[in-house]
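Chain nomenclature is as follows: A, B, C and D, assigned in order of appearance, with residue numbering initiated at 1 for each chain independently.
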Amino acid sequence: MGKKNLFSLLVLGIMVMILPLVISNPYYLSILIFVGIYSLITIGLSLLMGYAGQISLGQAAFFGIGAYTSGILSTKFSLSPWLALIIAIFVTGGIAFLIGTPALRLKGHYLAMATLAFGQIIFIILNEEIAYTGGPSGFGQIPYFKLGNFVFNSDFRYYYFVWSIVLVVLIFSLNLIHSRVGRALRSIHGSEIAANVLGVNTAKYKIQVFVLSAIYASIAGTLYAHFVTFLSPGTFSFSFSIALLTMVVIGGMDSIWGAIMGTALLTILLEFLRIFHDYDILIYGGVLLLIMIFLPEGVFKGLFNLIYKGNFPKNRLIKKSLESRR
Amino acid sequence: MSPILEVVALRKEFGGVRALDGVSFKVNQHQIKAIIGPNGAGKTTLFNIISGLYFPTSGLIKFENREITGLKPHLITKRGICRTFQNIQIFKNMTVLENVMVGRHCRTRCEFLSTLMKLKRARYEEESILAFSQKILSFVGLKDRAFESVSNLTIQEQKLLEIARALATEPKLLLLDEPAAGLSIRETECIAELISRIRERGITILLVEHDMNVVMEISDEVIVLNSGRVLAEGAPREIQNNKEVIAVYLGEG
Amino acid sequence: MRKKMRRGRIILGISFFLLILARVLASQILAGEDKPLKPYKVGAIFAITGAASWLGEPERNTVKMIEEEINALGGINGHPLKVIVEDTVGDETKAVMAVKKLIEKDKVLAIVGPSRSGTTLAVIPIVERAKIPLISCAAAEAIVAPVKPWVFKTPQKDSDAVVKIYEYMNKHQISKVAIITGTTGFGSEGRKQLKKLAPEFGITIVADETYGPKDTDMTAQLTRIKATDAQAVINWSIVPAQAIVVKNMRQLGMTIPLFQSHGFGNIKYAEMAGEAAEGLIFPAGRLLAVDTLPETHPQKEVLTRYKERYESKYGENVSTFGGHAWDALQLVILALRAVGPDRERIRVFIENVKGFVGTGGIFYYSPEDHTGLNKEAFEMLTVKKGKFVVLK
Amino acid sequence: MSLGNQLLQYLFTGITIGSIYGMVALGFNIIYNSTGIINLAQGEFVMLGGMITIFLTTVVKLPLFLSFFLSVLLVTLIGAIFERLAIHPLKSPSVITLIIITIAGSILFKGGAMFLWGKETFTLPSFSGEKPIFVLGAIILPQTLWILGIMGGVVLLLIFFFSFTRAGKAMKACAVNRRAANLVGINVKLMVLFSFALSAAIGAVAGIIITPIALMDYDRGTMLAIKGFCAAVLGGLGSNAGAVIAGFLIGITESLGAGFISSGYKDAIALVVLLAVLFFRPGGILGNKEHT
């Protein structure tokens, strides 16, 4: 991890610490809690897509498996949420491994479609297994996290809880990408054949990063379940997978920081643009399209180039960033 | 001298088309051996099979007297064979140095968990990777460009980088696929000189090359492939005078 | 040349978004007005967009209409009424955020909605903790059973609709039924009640089929039903796809009676099903058949007024869903008028409302009953010449 | 109702649903063939076809026949414009980019449709009455016959187009090898435009003919696209005959699944089949195109 990352981490850490003192309104805090929860998923997605170059259109499913596993275990089987969190991680990781092993042999559109189909199947299961999941109407009364007598039941407490996890995961992930394994992942993205003949076990690393991203999503799911305390399948549909994808893309796929910024930008923007109501779907699609055409490296990097270099980045950047993905 | 690589009756078919039709040869230790032949002779297919990217239809490959046929590419690299590509395959999403550092992958061990938590072991290893990679970069003459993006490199530099990256894996046998293609005469000389220097480090080299001057100048032995078969094998001078070879080359124009 | 084209495209894109922005902002600015007294703020959260938007849209329209009317008449005891509408998109996360915004940022006195059972269940913990009266427009019984102090609902109970249907069946010697339900919250809650209550009425369920909200053809499920000895079919759903069931059933030549749920209470569904809908039977609030209601009925006046105003203002048919929002907001207004801006007193007031005439029925709330309606709120309706009429 | 009758009915139902999937799959194929792109907005073309026809017949009050052609034309135009604005400006884009762009397009189309026509579900009258035709105790709707007939016509036209017309052959050449096609003087970019227009047109036709039985709203596209894609993959991407046959297979499996196993899980059947095919036989059950 370079100096730049350490500095950014420090800035983020301080911001996370101070923010609740500045904005104490629980409504704003809960927006930030969701930013944190979604960031966990998008960090994983960024590792998977931006670094290893593998696409997933089913990330909402892992989020859902995490949420439902710990929700069901802690509600219907009265397990402690902490234990449920651990079990959910193993369940999600196991499922990701089973589905990833054959799926990651596929490339491009086929991988996208396989993950999409997987996501849909999980969605159907959540709807159909009424005895456990409550079916389409979902189930509630999921307990809060507890540490001794300290219950994480206020936005203020949960905010710090979620963001400390985000920071830990972030540090882990930054460690990872600046290591032997991180380079291996990026080499797969750069040229899978070359990575292979340089001694990288590409199949293994693809599955590992897929499982890791699923585990991140699972943790996010557990955090979601014990915050909202109510689950129903609608939250984990295909459109949420797309929303996650959009967050990663907006921030710039090949940067973990971008993933967090994209998540924050989109979550906060959509929350404050509530007045757009009926139009938000149009804006959503439009923004996504414009970014992919004009700023494929993400809003932040793209705008930076636009402002400081004065040249419209379209051709050069598209070429560069896309060639690297061939 | 015992052979480091032994290819026995190698055959490869693609949906009925024979790309390799019973190729056998040996590469001796510390040799520079060149494979020549017209387009479509099966040279790149041969490389792809040796490096494990393709499965042979039948036949046998032995490296240091152990069979490696059908091993996964990363395991073959670990045994000590590495290659470069005819159509350059550098990692465009990384810096020059990082490209070379990937090459250290097979000689290092830290996995997901230890790198996630950045254990002491991982930090030590990272330092050794860095040091080794920089050494390799200075060996091929790219030290000044270590922290640049690879998109700033010329074709020649990209080729050097590919070789550096392969050297980082500490190969015993290096497969070079047309290292001089697309280079000027001066640049070609530079590459030829580098190849000789690599041999001096005790690394055996098998190369595919179209530039006859390079082949004749640096190689100890030459194999001629044609239509998936070995047409001739011998010292450069013998090959130059081989009637069949001349016929093939002239006949094809 | 290329550059020009590119610039043209950017300008086109930007102006497109500016246009939308301008439209939205304009409507926001025009909506603002001078306020003489401190307004009473009431929150409203509906699924205005998304898959359940057919619920949220009439609900939103209704509360906006009431807000206008009340303010035109001088507000509540001189205080203007401000209804802050938020969209849940039918999504739990968004609903949670919306409720938090209403409570923490807008500091509303009470909340009307959400439209869907799932979103209601998701926001209950929040309103309970924040101690804000919530009057849900969603049907599921789980919302008020067990009773939660701060949570009420205006739609009739699913189980009452089931009881209504089963009573009718008992009267007509129907004892074997096939049920086919939609795989949404509404459908699966109905399925649960249908199965639970059947034994009490001596009814056997001989087939239990489901269909998805986006299904295109239900003949397979109906064929399976046709192969049983069912004497009637109950199609319980709230999504438009239920019209396909009606059609498919007639196409398959099935002549046994078809019962629908109160989720059929949208005349468009009947229009979609066309001729096939003729003669089907379903329990619903009286709003849908207000024209065929006798003048003496206590709800007649309220229903006629709501229907006329809504239809003249929005140019579309009323639905019972908008009616639920009407009832909910009117209850809050009633409370505000009586006890003023005090959340606890609003809650107590609503809990003790007796005899409030709403669109869904005549409400009698109590500390033990936060639904306020019983099965008498339902009338058995049928479709006759493309219109909903009271079944005689 | 005897088991035989039931089986026959499931078969007919399956054919009805399957023909819809088959039509969507054809649209996928055309774009995939000439560009290697899976157009995830394909379902939206279907939706637009249906919605525009509904608009033209009920609001503009044009006769059905005229609306049919007019809306196919409009959707074709929309497909072409989409290609020009969103796909054309990209230079050698990656698969991830293309997937996201076509998804963004589909969201945009969906939003536009919601903006224009609201969120309600609409229907069209059947082309020739709704009186079912009885065959051995099972029923077929007249509209199903229309769907089958029009699909057959479309397939025949496609075969003719790709084998006997210049443009068709050029598009086929792009499918085989884009570089080579470019070298022999085919304007590949233009062919990409054509393929988007053509597949939009086919999508629109599908949307129009299924609306009388399946209803239509702004949100229909995604599910149809997923099912259509299942059919396209099962049939072997790029194979038109495969797409149609696979469409029928999926439709029939679904209806048998709904009939004999569980109506709740019937949607999962197609998806499980898709995964199985992708994992174990990525070339599809009929085709064997390169899959990586």
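FYI, contacts are C-beta pairs under 8 Å (C-beta built on N, C-alpha and C of every residue); 3 or more make two chains touch, one makes a residue touch a chain.
Note that the structure is predicted; figures quoted are calculated from it, not measured.
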item: Those chains which touch subunit C and also touch subunit B; value: A
item: Between the pairs A-C and A-D, the one where more C-beta pairs touch; value: A-D
item: Innermost chain, taking as reference the mean of every protein Cα atom displayed; value: A
item: Furthest chain, CA centroid comparison against subunit A; value: B
item: Chain centre separation in whole Å, for subunit C relative to subunit A (CA means); value: 34
item: Centre-of-Cα separation between subunit D and subunit A, whole angstrom; value: 32
item: Mean-CA-position distance for subunit D and subunit B (Å); value: 47
item: Whole-Å gap separating subunit A and subunit B, where each centre is the average of the chain's CA atoms; value: 40
item: Numbers and ranges of subunit C residues touching at least 2 other chains; value: 6, 49, 183
item: Multi-chain contact sites of subunit B, meaning residues that touch two or more partners; value: none
item: Sequence positions of subunit D contacting 2 or more other chains; value: 85, 89, 114, 264, 267
item: Listing of all chain pairs that touch each other, if any do; value: A-B, A-C, A-D, C-D
item: Complex interface listing, subunit A residues touching subunit C; value: 25-28, 30-31, 34, 127-128, 130, 135-138, 140, 153, 155, 224, 228-232, 234-235, 271, 274-283, 286, 290, 294, 312, 314
item: Subunit D contact footprint on subunit C (complex, rising order); value: 6, 9, 49, 51, 53-54, 57, 183, 209-212, 214, 216-217, 219-221, 223-224, 226-227, 240-241, 243-244, 247, 251-253, 268, 272, 274-275
item: Complex contact set, residues of subunit B against subunit A; value: 51-53, 72-74, 76-78, 82-83, 85, 89-94, 98, 101-108, 110-112, 115-118, 122, 125-126, 129, 151, 165-166, 168-169
item: Residue numbers on subunit A that touch subunit B, as the complex places them; value: 1, 172-173, 175-176, 179-184, 186-187, 189-191, 193-202, 208, 212, 254, 320, 323-324
item: For the subunit A and subunit D complex, residues of the former touching the latter; value: 49, 53, 55, 57, 102-103, 105-110, 112-114, 116-118, 120-121, 124-125, 127-128, 238, 242, 245-246, 249, 253, 278-279, 281-282, 284-286, 288-289, 292-293, 296, 314-315, 318-319, 321-323, 325-326
